[in-house]
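By letter and in written order, the chains are A, B, C and D; residue numbering begins at 1 in each of them.
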Amino acid sequence: MNTPDWITRTFPSVAKLRAGGDAAPGGTPAKVKPLRSTRERLNATLRQPEEALSPRVLRRTLEALRAIVDPQVSEVEGGRRAQEVAAWYAKATAPERRDLWLLMSEQFVADAARVKAAQAKFAAAVGTPDEAVAEVNYRRATVSPRRRLLQRFSVAPEGIRFLVDLRAEMSPFLKADKRLLALDVEMEYMFSTWFDVGFLELRRISWDSPASLIEKLIKYEAVHDIRSWADMKNRLDSDRRCYGFFHPRLPDEPLIFVEVALVDRIAQSITPLLDESADAADPRKATTAIFYSISNTQQGLRGVSFGDSLIKRVVETLKLEFAQLKTFATLSPIPGYRGWLGRNGTAMLARLSPKELAELGRAVGFEPPQPEHVLALLDKPQALAESSPVRRFMLRAAAHYLGREMLDGKPLDPVARFHLGNGARVEQLNWAGDLSPKGLKQSHGLMVNYLYDLKRLDKHRALLAQGRIAVSGQIESLL
Amino acid sequence: MNTPDWITRTFPSVAKLRAGGDAAPGGTPAKVKPLRSTRERLNATLRQPEEALSPRVLRRTLEALRAIVDPQVSEVEGGRRAQEVAAWYAKATAPERRDLWLLMSEQFVADAARVKAAQAKFAAAVGTPDEAVAEVNYRRATVSPRRRLLQRFSVAPEGIRFLVDLRAEMSPFLKADKRLLALDVEMEYMFSTWFDVGFLELRRISWDSPASLIEKLIKYEAVHDIRSWADMKNRLDSDRRCYGFFHPRLPDEPLIFVEVALVDRIAQSITPLLDESADAADPRKATTAIFYSISNTQQGLRGVSFGDSLIKRVVETLKLEFAQLKTFATLSPIPGYRGWLGRNGTAMLARLSPKELAELGRAVGFEPPQPEHVLALLDKPQALAESSPVRRFMLRAAAHYLGREMLDGKPLDPVARFHLGNGARVEQLNWAGDLSPKGLKQSHGLMVNYLYDLKRLDKHRALLAQGRIAVSGQIESLL
Amino acid sequence: MNTPDWITRTFPSVAKLRAGGDAAPGGTPAKVKPLRSTRERLNATLRQPEEALSPRVLRRTLEALRAIVDPQVSEVEGGRRAQEVAAWYAKATAPERRDLWLLMSEQFVADAARVKAAQAKFAAAVGTPDEAVAEVNYRRATVSPRRRLLQRFSVAPEGIRFLVDLRAEMSPFLKADKRLLALDVEMEYMFSTWFDVGFLELRRISWDSPASLIEKLIKYEAVHDIRSWADMKNRLDSDRRCYGFFHPRLPDEPLIFVEVALVDRIAQSITPLLDESADAADPRKATTAIFYSISNTQQGLRGVSFGDSLIKRVVETLKLEFAQLKTFATLSPIPGYRGWLGRNGTAMLARLSPKELAELGRAVGFEPPQPEHVLALLDKPQALAESSPVRRFMLRAAAHYLGREMLDGKPLDPVARFHLGNGARVEQLNWAGDLSPKGLKQSHGLMVNYLYDLKRLDKHRALLAQGRIAVSGQIESLL
Amino acid sequence: MNTPDWITRTFPSVAKLRAGGDAAPGGTPAKVKPLRSTRERLNATLRQPEEALSPRVLRRTLEALRAIVDPQVSEVEGGRRAQEVAAWYAKATAPERRDLWLLMSEQFVADAARVKAAQAKFAAAVGTPDEAVAEVNYRRATVSPRRRLLQRFSVAPEGIRFLVDLRAEMSPFLKADKRLLALDVEMEYMFSTWFDVGFLELRRISWDSPASLIEKLIKYEAVHDIRSWADMKNRLDSDRRCYGFFHPRLPDEPLIFVEVALVDRIAQSITPLLDESADAADPRKATTAIFYSISNTQQGLRGVSFGDSLIKRVVETLKLEFAQLKTFATLSPIPGYRGWLGRNGTAMLARLSPKELAELGRAVGFEPPQPEHVLALLDKPQALAESSPVRRFMLRAAAHYLGREMLDGKPLDPVARFHLGNGARVEQLNWAGDLSPKGLKQSHGLMVNYLYDLKRLDKHRALLAQGRIAVSGQIESLL
């Protein structure tokens, strides 16, 4: 696509800047924090050193953005103008892009006067038959032009892709520059409308799916790295299932996907599931579906939740295909456990009875034992006998971590937060379930199953809303 | 689907009422206007005669609706509950359905206190770096629970279909019962998001399309009735094109469709276009695309505009297929002309010069001529010679009607309003262009072409925004 | 497609002839019978009056055909040359086309010398290990170049379509001109290979199928004329099924199709099945599938049998969809009955006992009754009481016609021949089952059910091979 | 599928034999050669040691095969019986399978008496109008029941797959056991009908194709091994194309596929084409399509030729997509060169002039040089300077090998045979074009381009039919 006219008029320095080589999108988030608001800069004459666009160019860019939402032009024409800006963006430097974000965030707020008038009408209508209409009109007045701006960008075939990528690119800068939050939040809002669950198509991904799609799974897999195509093929074998959500506007992109193993009991270790040389079992005989990996793929869709629906739709789909499936559970990592235990080891030790403490001390060779003594034995968790007091201590601590620890009313562990939030319960702890370096690093090799008991999901959610985490009898006995 | 539990508990009288035969959805809009608000009824003990649901049942129904948006339950569960209400609705009587509309309209307004608090925070943040975020939060607070209610209904595969049909069914009642407006407006807002142009798929409809789809065109055609399958087949011949917009959530339903003839000059009469016995011309040689029929199909999507985008997308598609196409125009009815002329005939006569008036008088046999004298000659417009003063008078009046008459800043004639709003211009008037009973009844057989000059669409729109209608030289000379 | 070079060189008179208006493909079969063989004509100098192509042009045409099978050229090039001949054919007059058929039939026979040599080798090899190979080689030598000619025509995308249409066009001429039989038989052989049942795709045809396809059903329906699209829609309703066989080389053409009604007992009359205003029954509750119409569509595929496979595949498909279906039967016309009875009425009367004859005589008012007395009462069969001796006589005669009459070891009635040949049995006669003019004309309104008892099909076929027709107890009692 | 009844009755020893471990299909071809014909064995009482099936079981197996072609049973029933035999085959041991091949080959020959009678009728009809028909009937009589047997096997959905695999499995045994040839030849004949080019679908294979399909390419690639998925992805990059032929009865199986590079001149070395790290060029600018790999995939389809059509269809397809492509050529290995030179080195040296011989002698350090002196320098062909006499000698010898050496009227080199048979010409020799071990082993690294000049293909084929190979001026100058 050629650079459109208005861009060469407006940004004479584009080529030069790019040639300068600082165009790498991303840059270093930390050091970028212009001090002036776009309002100040638009009224200024001179560019300050840390600013990418000069006041003059900034004004022209704002004009280009405003032209997109000009109420005089049709949606189609607005969409065309948005595509021009997107074309400019594709070639812009990282600092130039940030200036665009700032304009979009700071300059497209709602019209305060109009809001106020609508509010007054609403207040006057309360209790009258006009109340409901007045309320709707009032709410409409509060809709910011920023929303229309995003809508116009979305018109082009690649428009949604552009916005999702833009948000992903902007993400690392949010912490350092709160001015971008308005745009980020607005995008999240629009995305949750556009990516409404009703629009998502559940599609099975198999070894017959396009190689280009399977390559994306390999790239996006977030839980257990896919090491090779052979590894991937094993995960798509006849006793496995993989499902993803797809959206009509991003047709080749799985937004989220889940990998499922069809087995005959709740899986205790990830190792056999990832063993490429194992024979496929007969899925017709499986009683249990194990969700052993769920990965979100789009950083730009952060805050838009798919996982809950995905799991429920997958459960329905599996039940249709395999009527004899009775148990639906995950085999999940506990990513926050090791870190948490590092900070809370002493407190956990303090919960032991004197007898237990003594036993543990003897096992580690120090009395009274300190956290570091325990942890020193955990390089090879598989070496610890089932009756080892160390093992028992670790399981109890993990049960506490998963079954008790909450933050802002939600489970502390991020994976627990997701599954418990869906209504699952903590079912079973699995010693040495994941002996990969990542597994050891996250949780000393410990894994957990969350059970999706379809009849109790809402009961568990209600419990959670009261601050209590649903756990199985096995976990309860460890607490 | 069986009637779910909560419904049989709540609506014991459903079966009885339906058996009574008054269930025909629709009923007579005019006579239905309950006097009490749902608020009053929910607090009451007894049902008044004109109310369908008793206070007790109304309360239970409200509970069922509130259960849908219960923040404790997942979106999936909320969707399931919405499906139960939809199942009830399918079996409900017309008065029961109206009660549901009232509950949805009156009972799901935003929380005033929360809105007020958010507004205060926003006011305090103006001018600070938090302004944009505060603004977003404020706007969020104004979102009514009604929106979430609609969203949950939309989750089910048939959810959007349900809502669109519900709104269509509610339409005739809006005038008589303003309380329903809030729901109507909210639906329009949600629909314009869901049916965003980016989600629409332009699909060609041909004789190879499913018979069930073509049957819908026959049913929905709003401009020139399709008399038979042979008539339809002629409109899908090799020198014709038909395109519709489709939405992933209503996959078998054309939301709007347009019929195009590929010809070698601007068509002046609808007759040859609808002549089933005419041979198909070679579309490769056509220079002109005539849009001779555009029909919206979904009453429930009233207010959501597709036509503008449709025409522009079709023009692009046609240009790709037929590079030699140069002219894009409509052949349109003038539905409001006859009625308008009946009211404005005297005024139009008054605009004639004495000489013109005398000529006209001689032609009609009365001097000075009155409107009724002119109209008396218009039963068979094709019988009037091209030089007839009557014909000339009628064309001038039509030019005035289309080129000057506006209401609230928009063209008076509804078809003109649509095409001129898209940026077309009034191009050519065609005497005796439509001699069907409908054509004679609407406009004494007169038809008009609107020209889509792609390079001037925005110019014409801008002109229109200033209150001026773009017309061709031919029309100008008649004014 | 333009006329290729060699054609304009070879057939200068093509345009002239066509302009002369005798080009109507088909012509009058009877009067066309050139007396000279192509061999004679190729050696002659002058054209005789009844010959379309002059000897010179005939020679060039033969060259063009031989160029197609030139072993020097590749299959692709041969196919291209065949397409040129096909292009010529499309523009040729009917007599010119017939000359082409004659060339293809008479000039592309196997090489006698080569056949003889191969046969000698085969004879010598009998009893040795080389026997089998020698036999294969011998058989190969007998393959005529005509087969390769057909194969080359088939290469082009439209090649099979061309050949099937050519054979259909040639059909009416076969009786009068036996020289065409060789080509006809060769085509039948090639078609039965190409249209091998394994290549056929069973496809359900529904109201969601393309209108262009459904239009073909309306055209091709051979049993009960489809009167309108509404009639067609009724036959595709939810309690009906329609299936056709499709071939990859004729993708839009149903080769044969069957219409099925899902009902709760064996249907006795076609009237309710064709009643457009009847409500659809619930197909989930149906116990019986009635095949009430089977139509072959391609005259050019005469001799290639699809019906047997179609019915068996449809039965399998229906059983998968509707597990509760138990009975599969037809509701069939008896096209030859009335004609047969006209010729055999006296003989049938002679089979009656004196008492029966007397009863019948009283019923028709003549003693002894003659066939014409009986037939005189059959204009309105529905008017005859169930106990009428006329009715009983007619049923017995029909039972005899269907259950006994054979020709060359096969059932005499053509529809009976088809179904009984598939292994069905004669199940039930239905008085006044088809009161349409066609039904009255074929069989005085009588219809019959053939029952497909899947477990007995082969038994019935074996019986038939011994000259015996399988019938039900009901029919047996009439014999 | 369970083992059907008749099999357990007939082959009681199946399980035992398989348990014995000699069931590996394939076995060692050489040592298997039963001495008795199936005719003898069917009449015998006892099994000889080298025979798998006892006479009794052999008779039952023959019955099972004959039941398939029983003219009493329908094609559908015959197909079902064939499926039972196929099910048995799937579980049979290798020796049992070979017995089945022998039965199919030896026992299903044509009926000699019927052939003789038909031939007599034909002889009598020569010169009469009945000649053509009699000829067809005669030819029909020669059709063996074996063909019908194969046809019935083909009816089942997996039937063609079964037959193709069976033939592939049988291939290694043909040399040692001529009795199998009849079955092999018959299969080749049937396959060339079923796999007629008109039935083949040309499909592009890209990175968006199913992974399972791409995995097959990796497995089947016969020219330049595909080392990894990354290698494969490079070969499907934007400046590459890959096409395969597919058949409706083997829908997931590429029968043959070709890999094409779009470049700007005739490629001289395979190395850059297989370089995964090279950037993709812009295919819109390419002038030249290089076919650098063609692989047949089905051993069972040996003798059925696809390559010619594939290349021509691909050329057409490429020209449609890239109008600026002018040159179509291969980059091919010379698999027979090294072996041939080993046998003909002395003769090639003898063709040198004394001066040339002297130069070569100096270059290799031996005068007069012997072949082994030359070959000793060819381990690293890239080390030889362009002007080296060794290099010149090798190129001249290669030009001779490709441009002159023929066997049975066809080019000696197998790859040359294929491309020259298609009408290509020898265009250019490329020193050090393939330095892989395989390339060095086959041809000391030499590669060749064959040019497909579409206008001259038939001319070149005609030349070849006269025993002359078409070569470019460059090659000519080396001869």
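Worth a mention:
Just so it is clear, contacts are C-beta pairs under 8 Å (C-beta built on N, C-alpha and C of every residue); 3 or more make two chains touch, one makes a residue touch a chain.
Composition by chain, UniProt nomenclature: A, B, C, D = Malonyl-CoA decarboxylase.
Just so you know, these numbers come straight off a predicted model, no measurement behind them.
Contacts with chain B (Malonyl-CoA decarboxylase) and chain D (Malonyl-CoA decarboxylase) are shared by A, C. Per-chain Cα centroids separate chain B (Malonyl-CoA decarboxylase) from chain C (Malonyl-CoA decarboxylase) by 52 Å. Distance between chain centres (mean CA atoms), chain C (Malonyl-CoA decarboxylase) to chain D (Malonyl-CoA decarboxylase): 40 Å. Of all possible chain pairs, the ones that touch are A-B, A-D, B-C, C-D. Looking at the complex, you find that chain A (Malonyl-CoA decarboxylase) touches chain D (Malonyl-CoA decarboxylase) at residues 207-215, 229, 233.
Across the complex, chain D (Malonyl-CoA decarboxylase) is touched by residues 37, 72-77, 79, 105-106, 109-110, 112, 119, 126, 129-133, 135-140, 142-144, 151, 154-157, 159-160, 178-179, 181-183, 185-186, 189, 193-194, 196-199, 248-249, 308-309, 312, 422-423, 457-458, 461-462, 465 of chain C (Malonyl-CoA decarboxylase).
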